[in-house]
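In the part that follows, the structures are each spelled out as structure tokens.
In the two complexes that follow, subunit A is the common piece, with subunit B as its partner first and subunit C second.
Up next, the complex of A and B:
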């Protein structure tokens, strides 16, 4: 088996950089693939085991992207990462079986979701 | 450097430096784009794409500040983001004041970024004045004319208890002083109008008509204003549905996306109270029986996520509500079999009924085709409650379903009270009102023309209008259900003229023949009483200028008859 792969989609390059650093230091057996928006994320080739998605992005939003990823990777663990946790948004994600992580993402939070 | 890095000591020094460089560079780019955007926005204040882009950039800056734990800039950009959200949602419109405040935010953030670059801290930020100016702009837009229902008392009228149990505080409103002043103004104008009328009566009979007209207009606008206070956006009762759908989805292990359209549709308060439960019930039903399990959906080539669209819109003085799911639909054959098995219908009758009529059977008490009765729904209770709630409001409900593709419930509810521009017509000596919004034109044929222009068989009479053939509906026939054994041409043989109102119903035009076309009027429409609620061709009662009551016709249903 090769490395496990995580797809991180965020239009902020700072956010991507931060997650990249955390993975590099804390989860070196994971390969991280980055995308700046939904369209880019959908061009990714190969298996994905975990996906962390920003909600507010140009083009499709995190929930729209999540649905497309569910079809592309049945069984992928999906998390919506956003700063504005409106209750309504959380309920929407919950109803679709998507996890929720409050921004900013931290080592601690990543450890929590990755078990 | 207290707490600059969200997790203290999370990264080594080199990483921290790299992150800070990225932070500064990305934020500066975003600020530049926001500035350009704001300047462009002055020329096109409602450009949605631009507003969204500016909002997103501000959101990114805010998120970055939070990530790096620069709390004060985060707070400032958060407030700016809220203001932009208001612009984006149309709650306010950008003007010079808002524009300059936002530009000030950019300057303040830029200065702080310089400080961060120099010292690694935010330094001394004096954002408070700007912060409160932004807050004031936001609050100004949030004070809506008719705002949230009062949180304190329930109304003490006879129906109070009933409404309380319905769970809403929708039975009282809080009126802003502005609105109250507007009402006072209307009343003042009425007084002035009355004085003019009195003066004209006593001294200047020539001015009588003008004074009357003025007074009529004032009464009309007062009436409109008061009626508007009764209305509330339907989105207010929809808020709780996200939670409902979420809980059901988790419980049934399904994936569901609830999409709302037309949340701003204004509906009378009483209507909201009555339909809240019904819509909830239909939603429950859609998740439980409509949407399939993710694995089954995927097998059928559908998205694992089921969709439920809840929509509301207004058309011709009627409120339309629709709940559509993309689940597996209702099996009409099963409904048919069940109806026969439970002796609801004879085999013969069940064979005759059309699909839409068979589907209506699921609204009957105790009728359910769910193979397994679940905790959530499926005992067949509830759907009949939906039906009676809608009927109580003088509305109708229709169901359509395609096996494998989904089910759609559409409800039509008359707006409780509204002033509707109508055309008055006469048939069988009675006066009826037709909403002007559905009227395309008025046409009449005389003498021999009548029979020349009408053709078609007994079942489907057609009339030619400007070279186009369209269905001809005789109002007398619709209202009386009489003469159906007789062909329309036979009926028309004795007519010396044919007066028709050409109407547009959804996609189709048709001609409605009446005895006489009278005059246009603006009438106060009230819902039908219980006696008439089941008659689908009637949409409401209209109070006539002389105080008598007539009926408002429901245009789309006339064609169905």
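Up next, the complex of A and C:
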């Protein structure tokens, strides 16, 4: 059986590096696929088990991308990664079954959602 | 509906401090996180969704900084300004073009009031909002870096963009006789925001946050960014 795959979408290279470092040290059995925006994320081929999506990106935002990923990968675990957690956004995400991770992402939080 | 379109003009001068692509990316990400937190606070206050633009960053001389913001709305502008001093020196501004500030006061008070009463409450209310938003924003910078700085009291300002962004006057007290002048450079970071009312299906308030770091702070920020990026 192949590695499990996490798709991380963020227009910030720093944010991608932070997540990459945590996955490399704590979850080496996972393969991390990176994308800088929604359009790039939608070109990813193959199965995805978990997706961490920045909210504020050029083009489509994290929730718009999540809607498309839900169709492409039914059953994928989706999390919005943002410092901007607002009640209405949270209600919308809750209704869609999307979780939240506060930016900057911490090892502790990532371990918690992977647990 | 209070729509606006603003952007930062490209800097025309030659920069003495060049940021690598990664350093610029990191600085924008810190700004994005800081303003994200501030937007969450503002959203609670106005009970509406607050939408943010993508961060813009320029390195400009003090002289240029005041001329970089391109406004499509009539001045004067209303702003809450908070200077910060310490290892990092600079100015954070929460700016509302046109009648945006009165819209905010009206929203926060949840009441229909005569214009004269709103105008009376404008300064006090905006200072409260500015404190919450700018502090949430600036504190996130201190959490992500090892630098320390303190905030001065927030000030209410009304005037032209030239007046609001005039670093020569803003930073005069902070610079404490340090050499330099109008040709000194500053980081200019800007993001704009607007509230979105789901029921009315429209944007009800818009404004923007501008952050200016002095030349000495630019060097410190660059050093900090190197340390942070070196960890990866």
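Basically, the second predicted complex is superposed on the first by the 115 of 115 C-alpha atoms of A that agree within 3 Å, B and C clash if a C-alpha of one lies under 4 Å from a C-alpha of the other, contacts with A are read in each partner's own complex, and residues count from 1 in each chain.
FYI, a residue touches a chain if its C-beta (ideal position, glycine included) is under 8 Å from a C-beta of that chain, and two chains touch if they have at least 3 such contacts.
Computed from a predicted model, the values in this text were never measured in an experiment.
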Contacts of A:107 with subunit B and subunit C, given as first, second, both or neither: first
A:29 touches, of subunit B and subunit C: first, second, both or neither? neither
Contacts of A:96 with subunit B and subunit C, given as first, second, both or neither: first
Partner chain(s) touched by A:14 [first = subunit B, second = subunit C, both, neither]: both
Per-residue touch tally on subunit A - higher for subunit B or for subunit C: B
Footprint overlap on subunit A, where subunit B in one structure and subunit C in the other make contact: 11-15, 17-18, 21, 56-58, 83-84, 87-88, 103-104
Parts of subunit A lying in touch with subunit B, wherever the complex brings them together: 11-15, 17-18, 21-22, 25, 56-58, 63, 67, 70-71, 74, 83-84, 87-88, 91-92, 94-97, 103-108
Contact set on subunit A toward subunit C in their complex: 11-15, 17-18, 20-21, 55-58, 82-89, 103-104
Subunit B - residues contacting subunit A, complex: 6-7, 10-11, 15, 18-19, 22-23, 26, 53, 56, 59-60, 62-64, 66-68, 239, 242-243, 245-246, 249-250, 255-258, 294, 298, 303-305
For the subunit C and subunit A complex, residues of the former touching the latter: 21-22, 25-26, 28-29, 32-37, 39-40, 43-44, 48-50, 52, 54, 140, 144, 198, 228-229, 231-232
